[in-house]
């Protein structure tokens, strides 16, 4: 079955699916503008619905079983293209893929007596119902997004009057009472311009064994290493990373530090080792 | 509307010659002495309360509520409300309404709309192509599909945490939510008492961009979601 | 003015019933085929050229020249000019002018002023006091925390667009920036050549309030942060 679906994949370049967005011609541009989307599809449900609609099927158990191969082929392609998954995004895809496989397997097996035989059957049924529920729910919101889009679009033809009053009115404003010294103002600016530490998204982590890795913690680790070492290679900075997640977090932290102008990079030649320098002073 | 015809003092420019001018009347609910004693009463200025409302609408940079207008003008809210409804009709090309013999006026190039809880002047839609040249200010960029879907979930599930939105869409939504907040379409409205997570809701700007009066006027989602009653709270129980 | 009465196609909402309707005429100087073939001619839209001019004037936040209007509308300048003069008269309360028997309409709450070579709609002058009450409502003599923070971002990142300030502060800043502009602390200094967005910078008044001689004399902020010279482009990448 893998062969068949990858042939299909060859005929249907991944990009073509994305371009097919029915209600937003500018989607391709806008997507780059706004969000880091998982390659081409905003999530497993989006992909699944798209695959189903391409086959002009309604959302049924049969439809799900039919598109299973394509779904899995797609996530394989993405994996091959990206090299590695982002953990949080991959997990949803994997959960959906596993459920689809279960459904497909159940359909391939002899029909049996029609009664639920063991706990494994019950688990498949529950997973199926859950997947249906989530898929239908997602589809409903997708429909509403389309509706919102049309309303926004419709509304965009009207322009609100947004015109300041004549100057003689604004001169009536009470005189501005200013109390900040330049130093206080600078301190305020420093606080506002400091990189925000995002409140972490509360993710269901019960099923995960490894502890959550935070980029800001790893940023602190890097800062300590670099302040001591001055210049270090990326390899040196990550040699004590205990897991892939820590490695990724260090990498992201480096990007943030670079963005903030706290570090700079040196690379003698393409693909050569990356040397990181601490360029912010001591505070 | 079974309202009586609007009293003369705020529709002095009715298109039809007024056969029997009404006496200079003060608005019914407004005790004569209440408005500021020093400056001349609005009713004595050319155009009266009606023109005063127009004057304020000219400088409003967001929908103005009837309460706000009533407070600034020191006139009863129901009077203000009738003036607004009357102006809207007039801009749309309806005349006083009592003289069917007179040819209806053409609509003006602008309209007065009651959205997001207030009233605001807009250019009329069918002139968008000529108007667009004058309002280009970079705010017209479109939302991505991901942003629209996230916005839809927040609009229909508010107040809602990012985790729940994420569960419904099947992907992380942090950066998309951040974008929506930056664009003023959603806002942190409260904090979940249990988890401490920020809960998001839509803003007045969202309603305004959508052209609706309130969240309750959003198109119904139920037809798209069979058995929503049963499924609706699904994400509550698992997340 | 010895102008003939304005032709019918751009004053279809003349207040007086027209005793002898003029034939469907095209404007004298406008060759019939000249205007864009694809979209419907302005004359066919409700309100016609006159309403199109109104639509533009209502949303234009600075005076619009007759040349600019004529170019956008693809109509001869003298037609545009007559529409403008006619609208101004109408807003001031004069009706068509050919029927002295009809009681003059009251002026509108707004007026069309011809200043600095262009035309702009303002609130009518004799309502200044209510307009001022409305605009000043809730304004205090101190800047809000949100305004101060926004000012700080603009001061240290100028020239900067509202979108970038939004990205840095994480919230929509449109109305706060407007307040700062009205306060004379920031001003549009240029236009982003790529996006067309207005870029803001601080004013001499700001420096004066802070007591420094120039922007370069602002105290440097923490070494962790890029200085003005480093102008991180990171927040551009999120838009």
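So that you can tell them apart, the chains are marked A, B and C in the order they are listed, and the count of residues begins at 1 in each.
In the analysis below, contacts are C-beta pairs under 8 Å (C-beta built on N, C-alpha and C of every residue); 3 or more make two chains touch, one makes a residue touch a chain.
All values reported here derive from a predicted model rather than from experimental measurement.
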item: Most centrally placed chain - per-chain CA mean versus overall CA mean; value: B
item: Farthest chain relative to chain C (centres taken as mean CA coordinates); value: A
item: Between chain A and chain B, centroid-to-centroid distance (C-alpha), Å; value: 35
item: For chain B paired with chain C, centre-to-centre distance based on mean C-alpha positions, whole Å; value: 20
item: Length of the line joining the C-alpha centres of chain A and chain C, rounded to whole Å; value: 40
item: Residues of chain C engaged with two or more neighbouring chains; value: 58-60, 121-123, 131, 135, 170, 178, 239
item: Contacts with 2+ other chains: residues of chain A; value: 33-34, 159-165, 169
item: Residue ranges of chain A touching chain C (in the complex, touch as defined); value: 33-34, 159-166, 168-170, 172-183, 185-190, 192-194, 196, 259-262, 280-283
item: Touch list for chain B against partner chain A, complex; value: 57-61, 110-111, 113, 120-126, 128, 131-132, 135, 140-149, 151-153, 155-156, 161-163, 166, 168-172, 174-176, 178-179, 195, 197-198, 208-212, 219, 221, 224-228, 231, 234-235, 238-239
item: Partner chain B, residues of chain A touching it in the complex; value: 21, 24, 26-27, 30-31, 33-38, 42-46, 88-89, 92, 96, 130, 133-134, 136-149, 151-152, 154-165, 169, 198-199, 201-204
item: Residues on chain B engaged by chain C in the complex (per definition of touch); value: 12-15, 17-18, 39, 42, 45-48, 50-62, 64, 68, 72-73, 93, 101-103, 105-110, 121-124, 126-127, 129-131, 133-139, 141, 175, 178-179, 181-184, 187, 203, 205
